[in-house]
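Both complexes shown next keep chain A, but they swap its partner, so chain B is in the first and chain C is in the second.
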Partner chain A sequence: MESRSMDAEIALKTEAIVGRLKPLEGPLLPILHDVQKEFGYVPKAALPVIANGLNLSRAEVHGVVSFYHDYREEPAGRHVIKMCRAEACQSMGGDELGERLLDLLGLDWHGTSDDGAVTIEPVYCLGLCACAPAAMVDGQVIGRLDDRMVTELARAVKA
Partner chain B sequence: MALIQEIDHGTPASTAEKTVRLVIDGNTVEVPEGTSVMRASMEAGIKVPKLCATDMVDAFGSCRLCLVEIEGRNGTPASCTTPVSEGMVVHTQTGRLKDIRRGVMELYISDHPLDCLTCAANGDCELQDMAGAVGLRDVRYGYDGENHVKARQNGEANPRYMPKDESNPYFTYDPSKCIVCSRCVRACEEVQGTFALTIEGRGFESRVSPGMHESFMNSECVSCGACVQACPTATLQEKSVIEIGQPEHSVVTTCAYCGVGCSFKAEMRGEEVVRMVPWKDGKANRGHSCVKGRFAWGYATHQDRILNPMVREKITDPWREVTWDEAFAHVAKEMRRIQFQYGKGAIGGITSSRCTNEETFLVQKLVRAGFGNNNVDTCARVCHSPTGYGLGKAFGTSAGTQDFDSVEHTDVVILIGANPTDGHPVFASRLKKRLRAGAKLIVIDPRRIDLVRSPHVEASHHLPLKPGTNVAVLTALAHVIVTEGLCDEAFVRERCDWSEFEDWAAFVADPVHSPEATQAFTGVPADELRGAARLYARGGNGAIYYGLGVTEHSQGSTTVMAIANLAMATGNIGRPGVGVNPLRGQNNVQGACDMGSFPHELPGYRHISGAEVRDVFEKLWGVELNHEPGLRIPNMLDAAVDGTFRGIYIQGEDILQSDPDTKHVKAGLEAMECVVVHDLFLNETANYAHVFLPGSTFLEKDGTFTNAERRINRVRKVMSPKNGLADWEVTLKLAQAMGLDWNYSHPSEIMDEIAATTPSFAKVSYQLLEEKGSVQWPCNEAKPDGTPVMHLDGFVRGKGKFIRTEYVATDERSGPRFPLLLTTGRILSQYNVGAQTRRTDNVAWHAEDRLEIHPHDAEQRGIREGDLVKLASRSGETTLRSTITERVAPGVVYTTFHHPGTQANVITTDYSDWATNCPEYKVTAVQVSPSNGPTVWQEEYDAQATQARRILPLDALEPAE
Partner chain C sequence: MSVKIYVPGDSGAVAVGADRLALAMEKAVRAQGLGAKIVRNGSRGLYWLEPMIEVETEAGRVAYGPVRAADVDGLLAAGLLEGGDHPLRLGDPEELPFLRRQTRLTFARCGVTDPLSLEDYRRHGGLAGLTNAVAMEPRAIVAQVTESGLRGRGGAGFPTGIKWNTVLEAEGPQKYIVCNADEGDSGSFADRMIMEGDPFVVIEGMIIAGIATGATKGYVYLRSEYPHAILAMNRAVVIAREAGILGTSVLGSDHAFDMEIRVGAGAYVCGEETALLESLEGRRGIVRAKPPLPAHKGFLGRPTVINNVISLASVPIILDKGAEYYREFGMGRSRGTIPIQIAGNVKHGGLFEAAFGMALGELVDDIAGGTASGRPVKAVQVGGPLGAYFPRALFDTPFDYEAFAGKDGLIGHAGLVVFDDSADMLKQARFAFEFCAVESCGKCTPCRIGSTRGVEVTDKIRDGIEPESQIKLMTDLCNTMKFGSLCALGGFTPYPVMSALTHFPEDFRPDPSMRGSMTQAAE
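== the complex of A and B ==
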């Protein structure tokens, strides 16, 4: 019963977002962004509402949402760390730093800590190759990561 | 016989008229501008390797196998996405290309199971073919890396593996075999227009997903089969192929479901159907299909089929199996006895819209020449008889004016009282394709049908009229067109009778016909109606498509005339893209009408009173024909109740379930002494029959069907009749038993007789149909190749006739006792009375008839979703389950008539069209109330049906072979 009333609330809020952004040219991505902003993720219950609003099929909306890694299926932690795992960062020891950070947080890639403090995700190039290895924490990029910074980062996000 | 191999050109044909010349592998090729290099190569017989391209969908360019080299250009462009240009020099096989292709194939195969020998697609797999074509010998990447193939990898569950989805009753989805070419996704979008599939994820995670990662059954999928047809591997595979194996030969034939008349290849193994695959050269369907034609043919071998003739004295007796000869002798003796006792006119026959032209022709011939009266009618009486009457009066021919290809040139479509996505799905897909390309749609229907709004399709105007007010709405449209000066005066002056037009224009211009005046009782907002009228009159090529929501009313014929008036007044007739198009219900309802199934008309719509016409038949048949029109179905039943009509031969129609006012039909049948039912199954009518003659399916006989576009398509026998005789042979032998000197050894001889007697069929022969594939009548000296679009240079009757269309409200009105209006229709997965589709896995989609009711009306009555409700009219009552939906307006309820348990026609009344007696199925005043079980009628009916279907054990007879 609870999940049904939650779905109803999601549908209502999503409908409002769709109504507001529908006039845009190519409204689907802006709508999904606002839905994610509203709920912290893109709930499955929102997709049929978006599909109906834009006169698309459920499948089409699902295809778009699942294509972009940044649209979440579940809420993320309060902090989000994205470690770059692309070639330049790998060559500068990014893989080892990534493993170390996972150890410190006790998480695997895409994991969220039980207390909801932090989510860690891999990312493939932040465009910061000159400052590799790089990461992004809550939307801010950090370059030239090293052991010390990683340890500090782990401590900071857990606090 | 061999398997028909259709050439896949890789990309769709270009319609450009200008051609360009290019050289491919040293061959000079000339093709229309806009053709892809891949298609141009195929035209020259050069196969470029490909996986993601197929000519049913647009080029996509993802598989990277069809790369070519073009002199003077860098790189290796994909031949599917590269259009030809003048003087281009293309090489499809070079060392560089071979290396690239082999590398690409290695990547594909590194993530594909190597179980070819036990795979269902073995022998019909494009991946396998391509591996051969590129000379794949080794896969450098091995098979041990990440993959989608193995359920367990290195002792652990493989998270990328997805099990088979077997939810659809007809096909399976095996993600482990998928190469993500997206042909299925594009077929669902471009061909079917449902958009039920997508590619989810990206990169190595990409997969085909029905809906939002749902099972096929739970997704928006309508099971049309386009994806299965498009799949190059065994990822999407018919379950019948998995069970049986690959077919070894195929025969082109015509689907026996709706009036679209799709051409199919029946792919066979011996006499067993392996699958039905839509034929790309079929001009009605252009390679597309729906769930019924593609998959729902299992009824042909269903255990319920009756294979031996049966006889009984009284309808309360059990059936007794007899030999064919006994059955024929019995019927002949009974019919002659009844005629002797009660008069020549005491017997009659009903032809079937399910049977072939040839079979229908024979039944009406049996009645006219053998019974010596004109008591022959057909189920078109209850569907499109007003079309025949109305269009005959206005234009001079009783048929649609266009072919289905015409829709590709249409700019504005008016859809009235038709629900093509359910009733005529393949036409609906073609219509949707045109709408996605920019054509506009106006829907006139009490229900919010799917086409009003569904993914990528939205009607510009929906006029949700009150059931029964069609004429008022159409006359109001005419009012707007006339008073706002939107008529095509030049067209009317040239093609139509001007003084009749003036009379009509003055009539519709009367302010009482204005949308503002009529909205009070039609329920259609005046501004919406005005917008619709302007759009139709001024939006370019305007075409009207309509269905039984037009004809099955007390003013059905008037509505058809009103439609004809609109088309003529706006000049929308006589060229591609326009016209008046009835969507005929059954596979051969057009043909049954053409073949003289009506009591007043000989084949070719010629009145029986005409001495010249009768003379043609009298000379050939050696009998004198009665010049008085015979009885229509309702008249036969009335006469039966009165005691003057005693015997009937019913071929392939279930009048008890499909005709209105079931109780009256029952009373009529009960009063008769010899009811002969000729059908596949013990249908509802057979419960009141004295003789049952087993019928044959469309797979078991030769013949022709004529579809809604007047197209005569061949039906070809692919298996021996399980009952021993094709339906035409049954009628033939019955006629012989009655002493008629008939001799036909093949249906082609019957067609020759039709051609010899019927001017619009004069040039039709089986030989012509072999040559052309199909032909649209009129097909005669003037039009030896047939007639795709009619009335090109003038109307068949001379001048187009405008007829006043005065709206007269039906006597069937809602009132205090019956405050709601019931309208009826059908659903995609079921067909008509359901005798066929209920005996297939299509019941997975629609296991029972449901009553659609608006939430407001439901709440007032305390009805919740899925509740059993009692539906009552002044004729009778029944119970069924409710579906609460806003598709119907408040005050209107809706149901289907596919299931005999519901018997929706117990509710419908005896009101009918003033001109043709077509019953008013679409308007019945009803009341709905909660219920806790079947009505007394349903219980009695079930008991009678069970009793009537008893068959005596065979011990008295010799064992069957």
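== the complex of A and C ==
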């Protein structure tokens, strides 16, 4: 999907990030965070550049990217909903709300809608356990979710 | 002088509208030409009243809550700036029973001060501990922490002073202080609250740890799910550096200490200290076998103190008021106070810091006021996803490391998640296995394979396939995971599973008609 000129641009930008963060002790996670911030995901074309810069094998870098839930190997939808599925939210009906939201969006966990409007992901605790059920939408935290809010949310992200 | 209106910037308050409220308040204050300044404080931790705002009047602070943006005009008309009467008026926040009954040592400033004002921090007792520490011998600082009886608040409960002593005595070209802020346990939010509401206390605790052990560099490993805390800690580090609290000469002394905030990438297992170190070094968060201990070979193979946020945030008051003062609180071998987080299906959820020893039932029925749904309490999970489910029959258990261990549970990071009688404990047992499968680092077999087998076994019980032999199998599997896993993820997953089975066997019965709400889970 990525054309050659895009790859070159990705490599160039990644090189700048690596150059800036390389002096840190344990620079790989900060680099990957910045790469994801730059591109919205960690493109394959960035891996060899990071590997070269840190004197690692490309497999090692791939291993790290694939280990952590946060790093995406594909771009996400324009909106990202992270719905908490952990116990405190379960105790307040979070499971049912989560299922309802999936139904409304026509997606399964980790899914992105065909039009690229929305990605929905499970998250295990946002630390909002006394305001459960909770979610994070495009980085904004929402607590005390109910049916009405979930319906509104589904409508808003699809618009 | 303008009046201060405190509108919490804590993410728990923001999640229920505090940002919208602050904006509306700012706008109304400006439009009406009132002399008022809006301060974004931390949360007092009374989440059912959030957003809870406070006004500083001549007679002291007056709280109102829960306040919506739509309430602003009405509040101002009712004389908010003078603490005027209004249906949302709560009065003196410190006199609210939920706060009055607490002993706030670690959280003394949280919700009271402007989190990023060093002046506020100093005025409320901040830096007193560090000021003492810079004039002390490292050995004497370690002795104070040891004598205080402080134990790791992250869950393991290991004596903090002993850990520090090991690092003090270890040889190395560079030593490190690593603050474990990977608070992933559901029901826990004390780390988040203190980092958002009083970030300087975490920094002060880390510097004291550095001086005590000879470490000059610190890292906070902070989970990515906490963007507000990341922002607050980063800003606080910059402010502390500019003020000469961090840097080559801590408070003008010969001690050097500096630190960085590092952000995790969404892996629960990185809350385990050795997986955290791997991650901090830039690798997959795979658990290391111990020994060597991190105190000997930690970050980059060098001597490292790894402490939980709350452990470190409890250090300044110990160095300020002395070990004796701190250890006066508590019971048995659990000394001092513990910030208990009350969450889930409760009427009054929030942070309740108290001396060790309070009974679980008092916390749930009395302090939390029972369930939000109004239905009877069925179970309380204590200590996160790896903690046991406690039935009402064990509500007399006092909050104490040993007492909880004696009932086959753990206090963990002191989070309570309350469930009402609609909870299905077989479903909760299944979730414990499922969570372990999602988050397992994969290094050891009992955790990697056992968690998936556990999900299958609970599904068979649900479907009524040879349930009696499945229960035996599940028990055996838990035994293997408990004793064969490398770390607490696989090793403690049996706590929620076995406690659910032991205390709520009826939910594991094969006959659907005997299982109450089980039918719902079976779909």
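Convention: the second predicted complex is superposed on the first by the 157 of 159 C-alpha atoms of A that agree within 3 Å, B and C clash if a C-alpha of one lies under 4 Å from a C-alpha of the other, contacts with A are read in each partner's own complex, and residues count from 1 in each chain.
Heads up, the rule we're going with is that a residue touches a chain if its C-beta (ideal position, glycine included) is under 8 Å from a C-beta of that chain, and two chains touch if they have at least 3 such contacts.
Model, not experiment: these values are computed from the prediction.
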Partner chain(s) touched by A:L29 [first = chain B, second = chain C, both, neither]: second
First (chain B), second (chain C), both or neither touched by A:I120: neither
Per-residue contact with chain A, leading partner among chain C and chain B: C
Partner chain(s) touched by A:M83 [first = chain B, second = chain C, both, neither]: neither
Contacts of A:C131 with chain B and chain C, given as first, second, both or neither: second
Partner chain(s) touched by A:G63 [first = chain B, second = chain C, both, neither]: both
First (chain B), second (chain C), both or neither touched by A:S91: second
First (chain B), second (chain C), both or neither touched by A:L47: first
Chain B versus chain C as contact partner of A:L101, first or second or both or neither: neither
Common interface positions of chain A, toward chain B and toward chain C: 60, 63, 67
List of chain A residues in touch with chain C within their complex: 24-30, 32-33, 54, 60, 63-64, 67-71, 84, 86-92, 123-132, 134, 136, 139, 141-144
Touch list for chain B against partner chain A, complex: 194-202, 209-213, 219-220, 453-458
Touch list for chain C against partner chain A, complex: 11-12, 14-16, 47-48, 50, 183-189, 191-192, 224-228, 260, 262-268, 279-285, 299-300, 341-346, 349-351, 372, 381, 385, 415, 417-420, 423, 428, 431, 435, 438-439
List of chain A residues in touch with chain B within their complex: 44, 47-48, 51, 55-63, 66-67
